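Every chain is named by a letter (A, B, C and D) in the order it is written, and numbering of its residues begins at 1.
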Amino acid sequence: MPDRVPGEVPSIAGPGRAHYRSGVAKIVPLPQAVTELVHDGDTVALEGFTHLIPFAAGHEIIRQRRRGLTLVRMTPDLIYDQMIGAGCASRLVFSWGGNPGVGSLHRMRDALATGWPAPLEIEEHSHAGMANRYVAGASGLPFAVLRGYSGTDLPNHTDTISSVVCPFTGERLAAVAALNPDVTIVHAQRADRDGNVQLWGITGVQKEAVLAARRSLATVEEVVDELTPVPGAVVLPGWVLDAVATAPGGAAPSYAHGYYDRDNSAYRAWDAISRDREAFTRWLRTIEEAAA
Amino acid sequence: MTGTAEPVAGTRAAANWTADEMMSIAAARALRDGQACFVGIGLPSTAANLARRLHAPRLVLIYESGTLATTPEELPLSIGDGILADSALTVVSVPEIFNYWLQPGRIDVGFLSGAQIDRLGNINTTVIGEYDEPAVRLPGSGGAPEIAASCREVIVVMRHRRRAFVDQVDFVTSVGHGSGPGDRELLGLRGAGPVRVITDLGVLEPDPDTTELVLTTLHPGVTVEQVRAETGWPVQIAADLVITAPPSTAELETLRAMRTVGSKGSS
Amino acid sequence: MPDRVPGEVPSIAGPGRAHYRSGVAKIVPLPQAVTELVHDGDTVALEGFTHLIPFAAGHEIIRQRRRGLTLVRMTPDLIYDQMIGAGCASRLVFSWGGNPGVGSLHRMRDALATGWPAPLEIEEHSHAGMANRYVAGASGLPFAVLRGYSGTDLPNHTDTISSVVCPFTGERLAAVAALNPDVTIVHAQRADRDGNVQLWGITGVQKEAVLAARRSLATVEEVVDELTPVPGAVVLPGWVLDAVATAPGGAAPSYAHGYYDRDNSAYRAWDAISRDREAFTRWLRTIEEAAA
Amino acid sequence: MTGTAEPVAGTRAAANWTADEMMSIAAARALRDGQACFVGIGLPSTAANLARRLHAPRLVLIYESGTLATTPEELPLSIGDGILADSALTVVSVPEIFNYWLQPGRIDVGFLSGAQIDRLGNINTTVIGEYDEPAVRLPGSGGAPEIAASCREVIVVMRHRRRAFVDQVDFVTSVGHGSGPGDRELLGLRGAGPVRVITDLGVLEPDPDTTELVLTTLHPGVTVEQVRAETGWPVQIAADLVITAPPSTAELETLRAMRTVGSKGSS
């Protein structure tokens, strides 16, 4: 396996057990974490609602040439446009697929229109539907109930949307199937040495995405001795994570609240790069050649 | 309901302004102080923050990223902008913002935009053409369908172009008045739906009997012919057609003074 | 109306509208808040999971002699034992009815066994069921789904427990009816002058209970100029509350994190007082005679 | 599975101890380091905190009040005790602790007690007698039914009295092994249910074939006759009946050193 990292670091607890696992997250190098936790054909969620997007982890997945992934994310953003263009994905599950504040995701559009570099299926929801699918997954329930989709055309195209009748009132409501990714990856500001992870600012759906997953990885700006409490922070205990990897700047060019702002020039520049396969391929080479 | 025609600050009319500026100012005029407003990035965010700086300092701005009662000094660059969290009363998770705050009908006004809107106020942000073979693939739903379903009323802000104002949308991403009178009730949608579509040419409102969007207000200098030319259905003109008062200098200066995070230019 | 407080303070927005109301909570005296928000026959929830129990508000309800209330609380605790003994309640909706760390709730037992001072019906759930009923109420849904009650005897006695079938997997799960109290009352550490309320420590189910209610009141230890962010704090915006009333010590003898600990001697003393109708009646007189 | 018979700290046997102390120490011995443990106030809280001070410093203690990975220096007085929040890794809401943490089966061990337990490990904390005309009204369910349903395994700690160890509980508040082998699966309960009932006389475990509770361990100085006398059904005795090693001085001193918040006495 060319993409396996020869590591003295002991291997992470095996697949499929994280969801029912206790202990502490192992702090490992990012390449090892991706090698051991992300497999071809997996359903993978890299979450972070425009803030704290795990770009470093996504780029490592590109470098390790994972294929046939089902990519799950409310807002695919640049990171999934890049992974789709790199040929990692065969399916995309999402609710809003644009370049925020800039325009379209051209690699996603190209894959949908022409199948380049690989055919891409889509499973499309609303934000409320996706959020509730993660909530159901995190709660160990097979579905969630919401007021949504009624009168829209989405249910005609998405088979993870159905309905249920309230046993008390007889009212019909929307039902969405639970999301339980094989692996969820999030980026956070910091972790302690036991692998407890702390993130703050706009906390999005990261807690639900991690708790819904069979395996999980958090990349962090830094590992600290103690997690000083921060107002509004979400803490993910190390025992619900498989691995933590330090990745300073790992959310760039998106935001990491308290560490750096979004590099908007990179978001604008992506529009031109992603419009053109040649330009994209040149960009891809720089990622593949870069060390994690 | 608040009008869009009269200035909310200042009396002296400005000399010149752009159609987009008139649109944002008209949209800002439509908001009342103290309302809770669910806002999307772009035109809605500009209009809502303008209103907060003019006549509605207690406007409660809510973004789908979970920022409740946020008061950004500059316009957010994206829905994930840190300024939304730093200036918020509190930040909640994305599931919570949709389930506890939007879904129960606590929000007075939902502010939407779109690529297509039809004569019954239905909005398309998904695809132009067929879903499986789209001519143009658009971003998709985001928070819009539930904003359109659950806010007490919806205000749409979008540029008035023939390709956007269509007889029937290619894809119903967010329900306006559905197939017509009574349809929202049948669909179990508890909000009133679009009460006003504010464009760079004027304002359209649903006819109380047919729910079809009717031109009720023209911005200064715009003609009914322009509106007809840019509307993809034979648009009805209200008998009591109103002309929007031009931006006041106070309104225009406030709008032009607004900056977007990290940029020098106005939004 | 002897219990109406002659107030210059403008009256609070009328019944039934709070759930769909914007604006700011009015800061009013506790007696006025109870007079205007709590009516005979209402379904009332005073929440606070052993911590931040709104005793002052409950005692004001006793003083204003509300009758025929349906009292809703996960843990009735001393406050509902007192309100039941005072004759405020005709129905109790709960999930754990003991004197925490001490023993039984004797006024509740007496009302159930002998109907003194008034007959008491009960609607009994588990904690998970009650919590999810508030979640459904706060979410504007008629019911919630959970893994619960299966194999227990409770569904035979509680008609707000039913079941639904997952439309995707066919699995049968428990369903509980939403709780939407006419009025919810919580106690918090502090509020600002716009009626925004901040509470921290064990935050329990207070947010859900307030958001599920048609009307709501928060009593607070103090009103401050600014709500400095506190790690782990829950903030309830003033526009989802009808009224805020200052009630220093308003959670005593229970805890108010950062302000005072539980007065355990009072919890122990209650055991003796509540065992004996005479002793209880003497206690009741002291409450009725005390000014808010 | 960890045994309850052997000391987890120290080797020197203590001179004298109470039956309650033996029960708490045996319960503490049953926990493994690193496990996530859902704990109720009282005997379970005492045993779990004792284990954390002895052999299981990384035991993850979770209370239904939403305190995750809490490490109280003194025993909490109640489920709402501030010491649980102050010493927790994080505090979550009550709906979250049940929905995100307990329900999915993330918790290794659920620690329960009760007023009645029957030969199949079903627990009653609701009523003695008829539900509508109870002889004794008990507190009710609390978090117990879902702890019994969803934790990977359940350990019950309660004093061994004939009125409490009954052939069949008057009310099934929390399901043990239901009506017998296979019943938990039929009911959709995903955890293993009670794997061990630790009392002040000994330890009972479900027979692998019948799920009936069988006496597998006797505490030192206790006779099989005592257990029979205090058990409301003809209790089976394991062929390989084990005798619990007495508390070590280390175990006993640690237990006796534990204090409850706001009180001078040990819990």
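One rule holds in what follows: a contact is a pair of C-beta atoms (placed from the backbone, for glycine too) under 8 Å apart; a residue touches a chain by one contact, two chains touch by 3 or more.
For clarity, every value in this text was computed on a predicted model and none was experimentally measured.
When you check each chain against chain A and chain B, which touch both of them?
Shared contacts of chain A and chain B: C.
Which chain pair shares more contacting C-beta pairs: C-D, or A-D?
Between C-D and A-D, the larger count of C-beta pairs in contact belongs to C-D.
Please report how many Å separate the Cα centroid of chain B from that of chain D, as a whole number.
Here the centre of chain D sits 58 Å away from the centre of chain B.
Find the geometric centre of each of chain C and chain D from their Cα atoms only, then give the gap between the two centres in Å, rounded to an integer.
30
From the C-alpha centre of chain A to that of chain C, how far is it in Å?
Between these chains, centre-to-centre, one finds 40 Å.
Can you tell me which residues of chain A touch two or more of the remaining chains?
Answer for chain A, listing residues that touch two or more other chains: 140-141, 146-147, 171, 207-208, 232, 234.
Mind pulling the chain D residues that touch 2 or more other chains?
90, 99, 103, 150
Name the touching chain pairs, please: which are they?
Touching chain pairs, listed by label, are A-B, A-C, A-D, B-C, C-D.
Mind listing the chain A positions that touch chain D in their complex?
19-20, 22-24, 138-141, 196, 207-208, 211, 234-235, 237, 239-240
In their shared complex, at which residues does chain C touch chain A?
Residues of chain C touching chain A: 140-147, 160, 162-169, 171, 173, 175, 177, 229-233.
Contact residues on chain D for chain C in the complex?
Its residues touching chain C are 41, 64-67, 77-82, 84-85, 90-91, 93-95, 98-99, 102-103, 126, 131, 134, 137-146, 149-150, 171-175, 178, 183-184, 187-190, 261-263.
For chain C, which residues count as touching chain D in their complex?
49-51, 74-75, 94-98, 100-101, 104, 108-109, 112-113, 124-129, 131-132, 134-135, 146-154, 157, 171-172, 201-205, 207-208, 232, 234, 254-255, 257, 261-262, 264
Name, in rising order, each residue of chain D that touches chain A in their complex.
Residue list for chain D touching chain A: 34-36, 58, 60, 68-69, 89-90, 99-100, 103-106, 108, 150, 152.
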